[in-house]
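Below, each structure is written out as structure tokens.
Shared between the two complexes below is chain A, which pairs with chain B and chain C, respectively.
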Partner chain A sequence: MKHLGYTFEKLKIASFDFTCCEGCQLQLANRESTLTDFLELLDIRNFRELSSEQHDDYDIALIEGSISRQDEIERLQAIRRQAKTLVAFGTCACFGGVNSMKKKFPLKESIAEVYPGMPVQTMLVKKICEVVKVDFSIPGCPVNKEEVERIMVCLATGSHVTLPKHPVCVECKAQLNTCMFELGEICLGPITRAGCNAVCTTGKTSCLGCRGPSEEINMPAFVKLVKDRELSLDELQEKIAFYNAFDGFNSHET
Partner chain B sequence: MIYKVMAKSEFKRFTDALLRDNTSFGPRQVDSDSRGNAVYQFLPVTSSDDVAYDYTSTASSAKHFFLPFREELSRFVFRDQEWDQQITYEANPIVLIGLRPCDISALNILDDVLLNGHFPSPYYLAKRKNTFVIGMDHLPLADCFCKSMNHHTISTGFNVFCSDIGEDYYVSINSSKAFNFLKEFNTRDPRDDDNCRLVERRKIISDSFLSEVDVTALPSILDIEFDSPVWEKWGNKCLNCGTCAMVCPTCYCYSVEESFETNLKSAVRHKRLYSCNLVDFAEVAGGHNFRPKNGDRLKYRYYHQHRGFAENANQQICVGCNRCGRACLAGINPKDVINDLRMEKESCLTNISSSPGRI
Partner chain C sequence: MKRDYTLDIRHLTRVEGHANISISVKDGKLVDARWAVVETPRFFEVMVKGMSAERVPFLTSRICGICSISHALASIRALERAMKIAPPYAAEKIRLLAMHGETLQSHALHLFFLVAPDFAGTASILPVINSNPDVIKAGLQLKELGNEISTITTGRCTHPVSLVVGGVSKAPEKKQLLKLLEMIRERKPAIETTCCFFRTFAIPDFKRETEFVSLFNGSSYPSIGGRLVSTDGVNRDENEYLSMTNEYTRDYSTSKYTSLSRASSVAGALARFNNNYQLLHPKAKEAAADFGLEPVCHNPFMNNIAQLIECVHILEDAEELINTLLGMELGEIKTPFSPKAGSATGAVEAPRGILYHHLETNSEGKIVHADCIIPTTQNNASIHDDLRLLAEQALKEGKNDREIEKLCEMVVRSYDPCISCSVH
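Right after this comes the complex of A and B.
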């Protein structure tokens, strides 16, 4: 590809799934209007949802899912050794995701409940950055394909990869949505990183924070807001814990 | 200005014709909040029946019809070593019905900044000139403070403005386009009793304000109080969510983004409405943030709103609609912040002043 005198190399990319639903990877094959242009940017070396060919000479590795078994750790470390750029792809990879709910119960109990009578090797869920170095993250449950495209274009053109730093409210207001708090619900929009175009609240569903905290969130003010409106702090805690994305922000402080 | 009186039934015929034949927007109820209050927004309308004439206030202002939340400024198409830039200022004509005096005042303020300043915006101009504005008066909500800002009445900035005088509207006609439209409908010249009803209506509106903000000498107080602890106090409450600026009828600050299309054959420059309360509003290349603290960011929003910037000759741009105060989840609102600032200043009045006393 040659434009404006610059030659762009196709991105030698691979996509791998760990403990997840593979929904984020499937998003890569979504958004048909630009799909052929998008695939034109990529030299897919290993991606089982799109191609049966498998090669090990990739530069960029998209990692979907969290880590919940010893063999996943070894596989991930091997990918890290090969990849020049390793991307935590989707909420499970970035934060642990829904899988993290396992940490609320004794491991034995979880196994007995989900796989009764079967020997299952499992451990508490780790996010990708707890196992290997992550070069950057693309959060979302699932990821927003438009954002993925934008980031792949940045990689192809060698420009700076960024995510919005502000919360979802900005995008929600642009959709003229009625604030979920005004409807009597707890919504994590004010503390969650934008970039999803407020898709959940536009569908009248409260934000559960799949994209993780926006930068410099004001947790004490957010907790105060929930208290002042006489909403349930337990429900707040449940929502904040849903994707394990607000680790380190204690919702019961203040 | 030409004044006419029009029966409400006739006004309905007029708006039906107008809304049917044009892309139109007016207040509609979108929700009921958890306290049972109706929530309104400016949304598409195709007939008079769609318009909630008795609405209170829309949650978001009508700003985005003139300054879209996201707007394409130009497109670049690459060829060989060069590119072609494509810019279009075209805007399709629209009708906006039901704007309140404060909403129209806000448009006049935006005109000052975006049309009458040093760098007129052709994007804004195209939309403003192609919008037919029908204003309607209303009784203020308990927290409206537009009277304090002197924006509760309006004499320019609209095509038609309707004052509700009972069975009729007292119609102010402010454009030849509006005058020509209205020729097709039954109107009459105002009689003495109509004028009386108009004066009475204006008095009722003026007397109905429950909220007042003392803005006397506010610009100078803001200058003096630059380092006031009030900013940190209110800043600590701020969620940095930008909601205030999004719903505000006059906040016009924006960011510009340039991005390649996925096919790498072209690129687009977008403008996106932004808020000075957002964490990276004052962040520059290299990562330095000139306003890393909540309180500093909040302060600058109040400075822009209530002290004014050079673009419009240091005029305040707040119209007193209190949309920001209503929408703020943290309970930050101009009335309380400004009163707090005043109290802070007045707390020093117990000191002996060297000013001459009353003789």
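Right after this comes the complex of A and C.
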């Protein structure tokens, strides 16, 4: 592939999905106006959803979804052995995602409720980095295709892959939105990593933190903000827990 | 010639989710034909318990990456009916337009990325980009239009942002609606190109009589809510979803099965077409006639064509909806509500067929019970029965192993199964 006089190797890429909705992989086929150029960048070696041709000589593996069954662990380990670069692709892969909410109830009870009388294997959700080494993460529920395109160009040109360090608030202000807190809502924009172009708050719904914490967040100050505005701390907990993306930060009242 | 034959397809390609097909033949006779879903269960019906009603659509939309708008709206409809909330008229119209956007992108994705390679004899769409660039351009134009409709009506094309209990949180701006109108007009030739392309395909001649289930409202092609009907004469209230589905499990499948009047029934574009033909736009009826598609059609491969006919209908109907929206004030878009105890079903026509969410709330508006029945779940039994009959007929006709394998894969893809969705 030649661009501006430089010749680039196509990225030998594969895409795999585990416990998820496959919405992140679907983004790879979105943004149709740039799709043929985007596909030019890639040598798709394995992508079950898109192609019946499957090869095991990929360099980059995009991993969508979280892990919730033993056979998924084995499949993921085999992919890790092959891939030079393994990418946690989307919020479920990076943080466990909405699937993590399963931990609210005992597994046995959940199985009995959904599959009465049928033995079904399941385990508490693991994020990808709990099973194999992850080289880098692209968060988002779903991932933002524009960001994915930017990162793929970085990989093809050998540049350093980075994510925004600032919070969603910055992007939201740039869109001239009224702050959700001013509308009486708890919004996780102040503590969540930017890169989504504040898509939720621009649609007048609160940020639920799908991209995980931005750099150096101040959780106690954020909890105090919610308290000072006399907003519900239960609602704060429900929002913080939504994607399991703030695991490890104490968001309870101190 | 008496022959032994085993087909074992693990993780079928070009479908959403993980499932296997296995067929075994001994002495020229079919021993077993099986459709086994092996997707990992996620337990959404459990996860949603205890959650505030207003947060629910944001969780349940994550059941599926392709039909997230349908899932959000099924939950919203169930909750609004349970808590007696009437969304404003404008919000209802915006939601109908959003459904059109989702169905258009889903059908375009299925027809071009998943189905067309079978007829073109390629492993994926990628070689078709070079061999038929105009056709692929048309397909991408339609898919992009669907995504743009969804983005303008719900804030984002996957996992909607502004669909909320009580209405919508943000209305599209006039200039955005005008842009959509322009895009639709510009892209009508793309649908003609697509129809011409699909008319060159030899659709397998196969028929298995079955029962088709969909929504029906008598005045418009079905989308959100209505009566639950079937081609066998069933006609029930939306809340009677349990008697429409009679869900059960099979030990080799993490996706459940359903039945109605027969051992298997079908949901999806062909089911909607078969039950609502009269309500299609005249242009869609014309397009159907060009394919020789008439109700009641019992060829599962024609579900692909029914999807295409729906795309024709959507372009026309979306234009009318946008004109309606342009002619009204979009000020009142959300009805305020207080949480109430109640329970109700929300049924919508997702791209792949009728989708039910049944939700029960307590007096704080928190979920105490949830049940979701997915279109693909309602098609599992039929896929299974089709595989069996198709394999038997192909054996009789003396088709070779590779031909049988391809036909089996193609019939499954015709249903456009949404496997991870069905194992929610």
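General remarks:
Following the convention adopted for this analysis, the second predicted complex is superposed on the first by the 249 of 254 C-alpha atoms of A that agree within 3 Å, B and C clash if a C-alpha of one lies under 4 Å from a C-alpha of the other, contacts with A are read in each partner's own complex, and residues count from 1 in each chain.
Keep this in mind: contacts are C-beta pairs under 8 Å (C-beta built on N, C-alpha and C of every residue); 3 or more make two chains touch, one makes a residue touch a chain.
Keep in mind that what you see is a predicted model, and the values were worked out from it rather than measured.
In the superposition on chain A, A:58 contacts neither chain B nor chain C. In the superposition on chain A, A:202 makes contact with chain C only, not with chain B. Put chain B and chain C next to each other and count what each touches on chain A; the higher total goes to C. In the superposed pair of complexes, A:246 makes contact with neither chain B nor chain C.
Contacts of A:169 after superposition: chain B is touched, whereas chain C is not reached. Of the two partner chains placed by superposition, A:89 touches none, neither chain B nor chain C.
When the two structures are aligned on the shared chain, A:38 is found in touch with chain B, with no touch to chain C.
Of the two partner chains, chain C is the only one touched by A:105; chain B is not. By the touch criterion stated above, chain A contacts chain B in their complex at residues 1, 3-5, 8, 34, 37-38, 40-41, 149-150, 152-153, 156-157, 165-167, 169-170, 173-174, 176, 178-179, 181-184, 189-191, 214-218, 220-222, 224-225, 228.
Of all residues in chain A, only 17-27, 29-30, 32-33, 35-36, 39, 44, 48-54, 68-69, 72, 97-99, 101-102, 104-105, 109-110, 113-120, 122, 141-142, 199-200, 202-205, 208, 235, 238-239, 242 touch chain C in the complex they form. Residues 30-31, 33-34, 39, 41, 43, 59-60, 64, 69-70, 78, 81-83, 236-243, 246-247, 259-265, 273-275, 278-280, 283, 292, 294, 327, 329-331 of chain B touch chain A in their complex.
By the touch rule above, chain C contacts chain A in their complex via residues 11, 13-17, 40-43, 45-47, 49-52, 55, 58-59, 62-66, 68, 109, 113, 117, 123-126, 129, 140-141, 143-144, 147, 154-159, 161-162, 164, 169-170, 249, 251, 254, 420-421.
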